[in-house]
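Handing you a structure now.
Note that the chains take the letters A, B, C and D in the order they are written out, and that residue 1 is the start of every chain.
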Amino acid sequence: MIDGIIALYIFMLAAFTGYEVIARVPVILHTPLMSGSNFVHGIVLVGAMVALGRADSTLGIVIGFIGVVLGAGNAVGGYVVTERMLEMFKSSGTRKPATGEHK
Amino acid sequence: MIDGIIALYIFMLAAFTGYEVIARVPVILHTPLMSGSNFVHGIVLVGAMVALGRADSTLGIVIGFIGVVLGAGNAVGGYVVTERMLEMFKSSGTRKPATGEHK
Amino acid sequence: MIQDLLPPGVAKTLVDVSYLLTAFLFVMGLKRMSSPVTARSGVVWAGWGMLVAGLVTFLAPQIAANYFLIVTAILIGGVLAWWTGKRVAMTDMPQMIALYNGMGGGAAAAIAAVELYQGETHGLVISSLAVAGGIIGSVSFSGSLIAFGKLQGLIKRSFRFRGQQFVNMLILLCALVAGGLIAAGLDASPMVVTIFFVLALILGLTMTLPIGGADMPVVISLYNALTGLAVAFEGFVLNNAAMIIAGTVVGSAGTLLTQLMARAMNRSLGNVLFSGFGESTAATGGEVSGSMKPIEASDAGVMMAFAQKVIIVPGYGMAVAQAQHKVWELSQLLIERGVTVRFAIHPVAGRMPGHMNVLLAEAGVPYDLIADLDEINAEFETADVALIIGANDVVNPVARNDKSSPIYGMPILNADKAKNVIVIKRGQGQGFSGIENALFYLDHTRMLYGDGQAAAGQLIQAVKAAG
Amino acid sequence: MIQDLLPPGVAKTLVDVSYLLTAFLFVMGLKRMSSPVTARSGVVWAGWGMLVAGLVTFLAPQIAANYFLIVTAILIGGVLAWWTGKRVAMTDMPQMIALYNGMGGGAAAAIAAVELYQGETHGLVISSLAVAGGIIGSVSFSGSLIAFGKLQGLIKRSFRFRGQQFVNMLILLCALVAGGLIAAGLDASPMVVTIFFVLALILGLTMTLPIGGADMPVVISLYNALTGLAVAFEGFVLNNAAMIIAGTVVGSAGTLLTQLMARAMNRSLGNVLFSGFGESTAATGGEVSGSMKPIEASDAGVMMAFAQKVIIVPGYGMAVAQAQHKVWELSQLLIERGVTVRFAIHPVAGRMPGHMNVLLAEAGVPYDLIADLDEINAEFETADVALIIGANDVVNPVARNDKSSPIYGMPILNADKAKNVIVIKRGQGQGFSGIENALFYLDHTRMLYGDGQAAAGQLIQAVKAAG
């Protein structure tokens, strides 16, 4: 499906995208963004699901199971924490919309 | 080589990359950047080369030939013009490096 | 075939890897071009990418013959473009960009034509992409040529009539029908293909002819983005990753750039495309009462020589007169006398974004003397003299207070707030929007008639004479 | 299998298209998260992407069995994470991020382990990627757990000895040799695979243990980027485009973010990883002469009540004392009296970037009262009172003038320039860098001893009493 050179193209473009999206982010958003990108790599959950879904040995099933637990923890925990952190920006942001964008 | 969905992935990522790279460019660079991106799509030259290189009918060869002429014009002209325009930024930039980055 | 000289598979890998490198260099190049400090090196990076891609393509597996023709065509196109690109004056840059951009669109259309005339079946998706690239490329080709003609002064009139949008829609529809027939494989005969391309080319003409010259930079930027898209589509057809990535990047970057440019000129894209500006509104400027009061260069020179602060507002007229060197000479004289001199640049002064910055940079004016609209507007009140050289619309106070004016709402430079205003222009000529300028009639405004360069020269003499 | 319920091919197309959508939503989400105004909606966008991907994966062609186990595992992990994530205090956020991030790394390592224990041959490239993802994921897993332990206070000491870097290098080398054997297919026995993972896990421990708590946010960010990379690698192994794109985006965004954070703290990444800070330098602070002069809350309150301008500098102590609400109440009282109040935020005040902003936002302080270091530093000279609450290092003038100090060169808030300085802290406790603060000994500085929240409460009473 994804052959070698194409994989490299995707890798390169995704890396550019990630870099440019983050560039020039204000300091106050560093921690929420770290948390947000932590949530995004929670997508590892779907990989772990696949790994568990096709495992047949006991060892494979055990490791796959652990993988899915961890992946789900990453995804759900990452979401909850990020959401809580950004919630605070919203509350102040909406109260004073005129000055909402600073720095 | 590049199947449908993968093509879409590449398209999406390249579009993000292009957008983000340009975002927040100062007004004074609008024209040079227009010129620079005009140069970049001069890559159409390589497509025209392939079209001409595998054409066998007379019509195909004629159109392909025109295509290569035009493509080469885009690439070379785009480069020369962009380079000349940006040359001016350099000259002032190096003279007063401390204040080189403005707005 | 050249690629047979290499072990099997090596040529393909080499091409693939080189295209990856090219895509990387292009993106990095554009990235660097979007900051003033690294801009110069950006185009060099992208240039290397192009060189690599161009050379390595001779090894592409699909190329089987016509090497001689390929090289000849590259030489013809390249040398012509090189020669014209090197010779063109700075003020004529926008139309040259239009020209080269049109060539790119034409090349994309040519690729589509070669594919479609061949009549092979590629499957619906690929055929559709070929057709889409063909129509976009053709529109960009003929449209850009018109843009070139207008800016170069070859086409003076704007052809406009009632129902024009309707006719354009009709042409577009016909082209789409023909394209649909081809893409669906229902009728891909050379006849239909020819009709398709002719319609697409005509569409480019009829779309662009009604648009006024003032909006041309935005239109050129739009066609630039369209060419990028066409190149990306043809890249999918040819399975060429470098074209896909470069084309898409330009397509998206160009779209954003078009929006940014339209916004800087206080225009929306729809406005630019579907209503003429500069032409249709030429007659709506209201009358202004009062008289224009001339001044001699010697008096103006003395006024500036003994000022504390002078703000210079350059405009299109400075570009026409190529007066930037003289203006800088004048500024240096004043600075030596202890006068504070600053240049106030309006984002759409001149005829392309950044026009004034390019000219002042050419003359060698250091960056820190040059200020944006936002930075400088508050400073006019503290200036003894605002020297306006060849600017008109960008200092027209009508934009601030006359709701009926076509430029109402455009942010302007508050030159009228300065204690004295000196305006250099040749006569009663109007600015691009064709409306009267209330500034010229103010009590503290004096007109210094003459060509920009000559007038600046006289001012230099006058300042020197002031001792 | 669920996907058999659908016509052949539909499941695969559905998965492919959904993953494309997911990748789009992730990128848009991150984009929105990087601007304060849209940040909140960003995580919601990304959340939808995750939901779509999670649901649609049940239809993935590769999943053949174990549906029950999958759902159970998701519930276990999800519910635990939900519960902990909802309960944790704002000040403990960094360690929770570390924990969840470690879980992601562990999941990536688990995927690698399932693949590698299977012993199938995938070809060199895929095997190498699986191995690389395995080692990176494992390091990120165990390293993040240590980071969690340190910030949570479970691990108090930093274990450090001479030659530590050398031992780490040795472990890394052994892990790479084992990984090389597996990837090259020379010996992929369960034994070697186990050794490989054990070594990688140990490496994460030994790399992270010596790093001081002050540097943990940077380290967590680094492991976050590494987990992203591991996810991307395992995505290549599983041929999963959503993982490839999301992982790579996080890998590159996280790398940049790590650099930005290190720069904001005036540290280089190499410094963070290979030399301890806060620990090793604890003893180097020079002695400061003079004495600390206490003040009563009532006197301090009067001083502020009759001031024209008060600048409040919050620090880690305000977070510990959860004093932000009281501080805002105090500010409101002052504002009502006509005092100009501003909050000065140092980029590394507290224990995570933006820590103070989050807390002040929680208390409801409007954005326009909050100012960055760059904005406010010039204003201290015009302030009658600088009220420092629980901040120490970020106002230490030693950073400006003592070259031997470990914080020399860090930009600080110029609180010492204010006409009067009031410092709220509990006693002689030092800041994170463990050095003396010359500010506390200045003639115009007064110490208001007490817990942050209590002291703010007393000030409120005092201001009210001032009538």
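Keep this in mind: a contact is a pair of C-beta atoms (placed from the backbone, for glycine too) under 8 Å apart; a residue touches a chain by one contact, two chains touch by 3 or more.
Computed from a predicted model, the values in this text were never measured in an experiment.
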Result of counting contacting C-beta pairs for B-C and B-D, higher pair: B-C
Between subunit C and subunit A, distance of the C-alpha-averaged centres to the nearest whole Å: 40
Distance from the mean Cα position of subunit D to that of subunit A, given in whole angstrom: 15
For subunit B, residues that touch 2 or more chains besides their own: 1-2, 6, 9-10, 13-14, 16-17, 20-21, 23-24
Residues of subunit D whose C-beta touches two or more other chains: 27, 31, 241, 245
Pairs of chains found to touch, sorted by chain label: A-B, A-C, A-D, B-C, B-D
Footprint of subunit D on subunit B - complex, ascending: 5-6, 8-9, 12-13, 16, 20
Subunit C - residues contacting subunit B, complex: 22, 26-27, 29-31, 33-37, 39-40, 42-44, 46-47, 50, 53-54, 57-58, 60, 62-67, 69-70, 72-82, 84-86, 88, 90, 93-94, 96-97, 99-101, 103-104, 106-108, 110-111, 113-115, 117-118, 125, 190, 217, 220-221, 224, 227-228, 230-232, 234-236, 238-257, 260-261, 264, 345, 347, 352-355, 357-358, 361-362, 364-368, 370, 372, 375
Contacting residues of subunit C [partner subunit A, same complex]: 13, 16-17, 20, 23-24, 27, 31, 241, 245
Residues of subunit A defined as touching subunit B within the complex: 1-3, 6, 9-10, 13-14, 16-17, 20-21, 23-24
Subunit A residues within the subunit D interface of the complex: 1-2, 4, 7, 10-11, 14-19, 21-57, 59-61, 63-93, 95-96, 99-103
